[in-house]
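Before we start, here is the structure in question, set down as structure tokens.
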Amino acid sequence: MTVSEEAFEQFRAGVGMLSEMAPPATERTDEERVRIFKNTVIKKIMPHEAMDLETCVHCGMCAEACHYYVATEDPKYTPIRKLELTRRVYQREVSPNRWLRRLLTRDITAQELEAWQELVYDSCTECGRCSLICPMGIHIAEMVALTREGLANASLAVDEQRAMSHEQGQRGTMFGMGSDSLVQAAQVLKQKGIDVPLDQPQAEILVVTSVIEMTLFTDALEGTAKIMNKLGCSWTVSTCGYEAANFGYMAGYSGYHRAAAMRVIEAAIAVGAKTVIIPECGHSYPALRWDGAAAYGKPLPFEVVAISEFIGREIKAGNLKVNKIPAAGKVTYHDPCKLGRVGGVFDEPREALQALGVDLSEVSPNRAQSYCCGGGAGNFLIRRAAPLRAKVWELKRGQFEDAGADRVVTSCASCRINFMAGAADTHWEKPIESLVALVGANLAD
Amino acid sequence: MTDNKTLAERLRERGVSRRGFMKFCAATASMMALPPLMIPRIAAALEQARRPSVIWLSFQECTGCTESLTRSHAPTIEGLIFDHISLDYHHTLQAAAGDAAEHAREAAMQENEGEYLLVVDGSIPLKDDGIYSTIAGITNLSMLEDVAAGAAAIISVGTCAAFGGIPHANPNPTGAVGVSEIITDKPIVNVPGCPPIPTVITGVLAHYLTFGRLPELDSLNRPMVFFGQTIHDRCYRRPFYERGQFADTFDDEGARKGWCLFKLGCKGPTTYNACATAKWNDSVSFPIQAGHGCIGCSEPNFWDKGAFYEPLSAGRWGTPAALGAAVVAGAAIGLGSAALARKRQAEASEEKDI
Amino acid sequence: MDNLESIAVRVEDGLDESLRTDNVWPLLRQIEQALQSLQESGSETVIDLGAMPFSAQDEQDLRERLGRGEVNATVEAFGPTLVQETAFAGVWLVEYLDAEQRRLTLHLQIARIPDLLITPADDLADSLASLRRANRDFSAAPTEDVQ
Amino acid sequence: MSLLDFARGTALQWSLYIFVVGIIWRILGAALVMRRKDMSQARISGAERVKEGAMTILTRSVPPETFEKRIRFSHITGYLWHIGYFVVVLFFIPHILFIKSFLGFEWPGLPNPMILVIGAITLATLVALLVRRMTHPVLKLISTADDYISWLVAALPLITGYMVVARVGLHYETLLGLHVLSFCLLLIWFPFGKLMHVFFIFPSRYNVGAIFARRGVRV
């Protein structure tokens, strides 16, 4: 059921190569970078962001919400400081007080833009925890995404994410793998007797998956297929729009975000899907659920649900029956930020775990206040951020141990990767599992 | 006109014993707000004090200051001090009139050149060469300059002489000013008040008699001993202020209980004078004790400092119309600023995303 | 208003519990120190109560605290002066009034005897001279009445 | 014209006008930049989102325990000086009369000794916060000129207020004039610095509450 160590180490090695494999970034002069960054911030700033940037009192409380600051106590990870350049552009160019701010606020430089790459890619996962602590109510995480857009446009996105975004945005493949990998994965499952209906002309539900489920976390894909079949839904996976991951969305390339999202949207419209199910892949959920409409240009003509959300709903409705896991031990559930805090999916995964009869022992803090795994928003791809992730893992491991967990269940591939990496490096023996895989393996006959 | 008797001799002639003299000295010390430690020094000095010549000039005034000083009808300390000086010219009090009076003044000026004290009450009009007030055909301005030239020192009695007072109040049609606006080369003591406290006037005279010089003055040339503290500082109703107990109207419970009059516009906190301790009418009372707030009559420009019944801490916020204009202006600039920002955003949108 | 009597009049300066200025306690401490230095070095102290914010209520409080002692004297010179020894020997209240019984000032004197009660040296000469004059007049006077 | 007359007359009027113009300018200027509609399917209705946004304005004042235990010092000192400041501003009787001269009505005040104690605590807290700002690694790093200017501008009325009460050095009316001028300075600086959070805190808290509520998360 769990993923083999060799496969995981192979995957890590592959990710480790990304920065070398990355095509060279577009050459840009310092002036161009500054101009592009500024224009991106200027055109994208919205009223609530403008008011947020006006209201910061520099109290520093946001640092105490950030897992990177909490784990390192290094002041440079203070969330609001990650918005420093965005703030300065806003204050000098858009703010109602720009005439005064220009006197008091330094202009940004290309060197600063380069320095900020580390702050918004390596040491921020847009987990949104700081947006909950801020006494002024500043939505910091959202503006980190804006800052990433500025840097990405200025050709300053971090190498690994640039590589993934370009490949997905331009060629539609990932790690060189295309729809043939999906066909292969479907065949593997077919041999196990699990049917994956590819490219049905019409279907109620379009299930999207991800390259990571086709290669590494096949247990999650398997679980998804078994559940869908068990429910007897009209469902399909489209070879034209099967990839849920959206690296352009994470890295800040809105063009690539749109390109990747449109493949899924068009596939869903083509089969007449009423529902699109997003796999266990953190950022894929907001990329379509919350920001898909912006890419599409109008409201999406279908509902977007995360697989764990879907499962929880079906279990609660009595449509899906599961067996109680014998001697499951103490299980803790890690809320992925993109699903939980910034997604609103808290109860459904727990609903599923309850149905499985496990002794659910919550970590503290949990749900909306849960700490990030330390590697979300594409951070897990960045090789140089590994030491930082290791520190956050220590934090998370402490929480898991305090909860007395025998096994950790989550519903996000990137959380799973980070925990597995941390566990492997620190020889932590507890299993780290997929909720979907767990449900899929324990379906009632 | 001056004789050479000392004050001690004069008192003795009046049948005041040595004990009486010492008591007089104790009362004088108290009046001058000097510590009892100084009594022997005062006694020694007063024993030797000679009778000074005093010329009193009244200009644009209401005679209230003179009334204040002469209203005593018993052998008071003020009376004794006042009796001791040689008042050689005072056109309200003196018996002589017309040419005789003016001759008396000129004679005193000649005889005591450089030694006489000049007391002034009333302000001096400057507009149109000072023609708005004349005595015997002489403008106040010219008489003041003339008499001040030979004076040892000048005591400006009352707010008008000290700071221009009521004639100086807006719009000041006669261009009235106080003495110190005109005379700058003589020592001047201001004893402001409308009217000033009589014991303060005599206190200054007593000090001059005792020590042969003027008392220590503050930045407005007022004697520190009397004007060093505010009415509020020495007010017996101060505890109510601290406790937050105030009269809200002149006939409410607070007013009846004698609570603080700050809310009713009392200017005690910004008024430097000795009313709260020296009091009026032979120490019977003073305005606050009578239930009315201080109007700050001894302060410069007291007449133009806003309503007497407006609390001291009230602000002058401007008119609702101006405030409305500010709202409109703010909205206009804000909308303009947003419009320009949107224009800038539209320009920036030329830069396409990857 | 029907008649003037309906206007309530009250004396503002009367006793009022709320009119305490908190000056009594520091004053008592000052008296204590002054009494100590009188005992140790013989140095006298005079405190002018007219020169500090001191309400009628304060004065009553002070008088109650100090009590009344054995000596009570009136000096008739330039109006009456009331000299009152307090219950604490060496602490005197000296109230100066003018001819119309209005208070000029009130002193607290810490001394073996208040200055005012001591016969002034200047007056001794005058007094001797006038007594001699009086005795001479007496001896020179006709004695019919006696006879 | 004396300093006091200038301060509570001309200076007060003009600083009030600048204050009014400035705050409206700044609020409108920020609130009316380009807007994009969020077209995603919300989990809850618009009316409920408005309610949740409004609730966040309140709930954000008391963060969940997991946050609270890490920010307790900032939180307590923050509340302490804000409340102290408002008590001194709103319940010192001369201040009430000052405000009454603008609003036309008044309310009961507190005895002066209480105000003095509260003011002292407030000022001490402000000083402690300044020291913290200059020494705490995070605060040192993120502080700007605005933070120090705003600190000074907020602290000056307290400092000059104490000088008025204690009669430090100068005449009462001169000190009172300076005190009023320090308030004028506060009014003038207010729309241009971070003190504007007094107004922006409401839309910001509302927005973060409504944005999270759209996604079904109560923050």
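Order of writing sets the labels: A, B, C and D. Residues in every chain begin at 1.
One rule holds for everything that comes next: a contact is a pair of C-beta atoms (placed from the backbone, for glycine too) under 8 Å apart; a residue touches a chain by one contact, two chains touch by 3 or more.
Note that the structure is predicted; figures quoted are calculated from it, not measured.
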Pick the chain whose C-alpha centre of mass, unweighted, sits closest to the average of all protein C-alpha coordinates shown. D
Looking at every pair of chains, which has the largest contact count? A-D
Compute the centre of every chain as the mean of its C-alpha atoms, then state which one is farthest from the centre of chain C. A
Which integer distance in Å separates the CA centroid of chain A from that of chain D? 38
Between chain B and chain D, what distance separates the C-alpha centroids? Give it in angstrom. 43
Rounded Å distance, chain B centre to chain C centre (Cα mean): 33
Cα-centroid distance, chain A relative to chain B, in whole angstrom: 80
Which residues does chain D have that touch at least 2 chains other than itself? 25-26, 28-34
If I count partner chains per residue in chain B, which residues reach a count of at least 2? 334, 337-338, 341, 345-346
At which residue positions does chain C touch at least two other chains? none
Pairwise touch list, complete, is A-B, A-D, B-C, B-D
Show me the residue ranges of chain D that touch chain B in the complex, using the header's touch definition. 2, 4-5, 8-9, 12-13, 16-17, 20-34, 93-95, 97-98, 100-102, 109-113, 171-173, 176, 180
For the chain B and chain A complex, residues of the former touching the latter: 334, 337-338, 341, 344-346, 348-354
So in the complex, the part of chain A that touches chain D is made up of which residues? 43, 45-48, 50-52, 54-61, 63-65, 69-70, 73, 75-76, 78, 80-81, 84, 94-97, 100, 104-105, 131-139, 142, 289-294, 298-300, 303-304, 340-345, 364-365, 368-369
Chain A residues within the chain B interface of the complex: 35-36, 38-40, 42-43, 45, 93-96, 98, 149, 152-153, 253-256
The chain B residues in contact with chain C across the complex are 16-24, 26-27, 29-30, 33, 35-37, 39, 74-77, 234-236, 238-240, 256-258, 276-277, 282-283, 285, 289-291
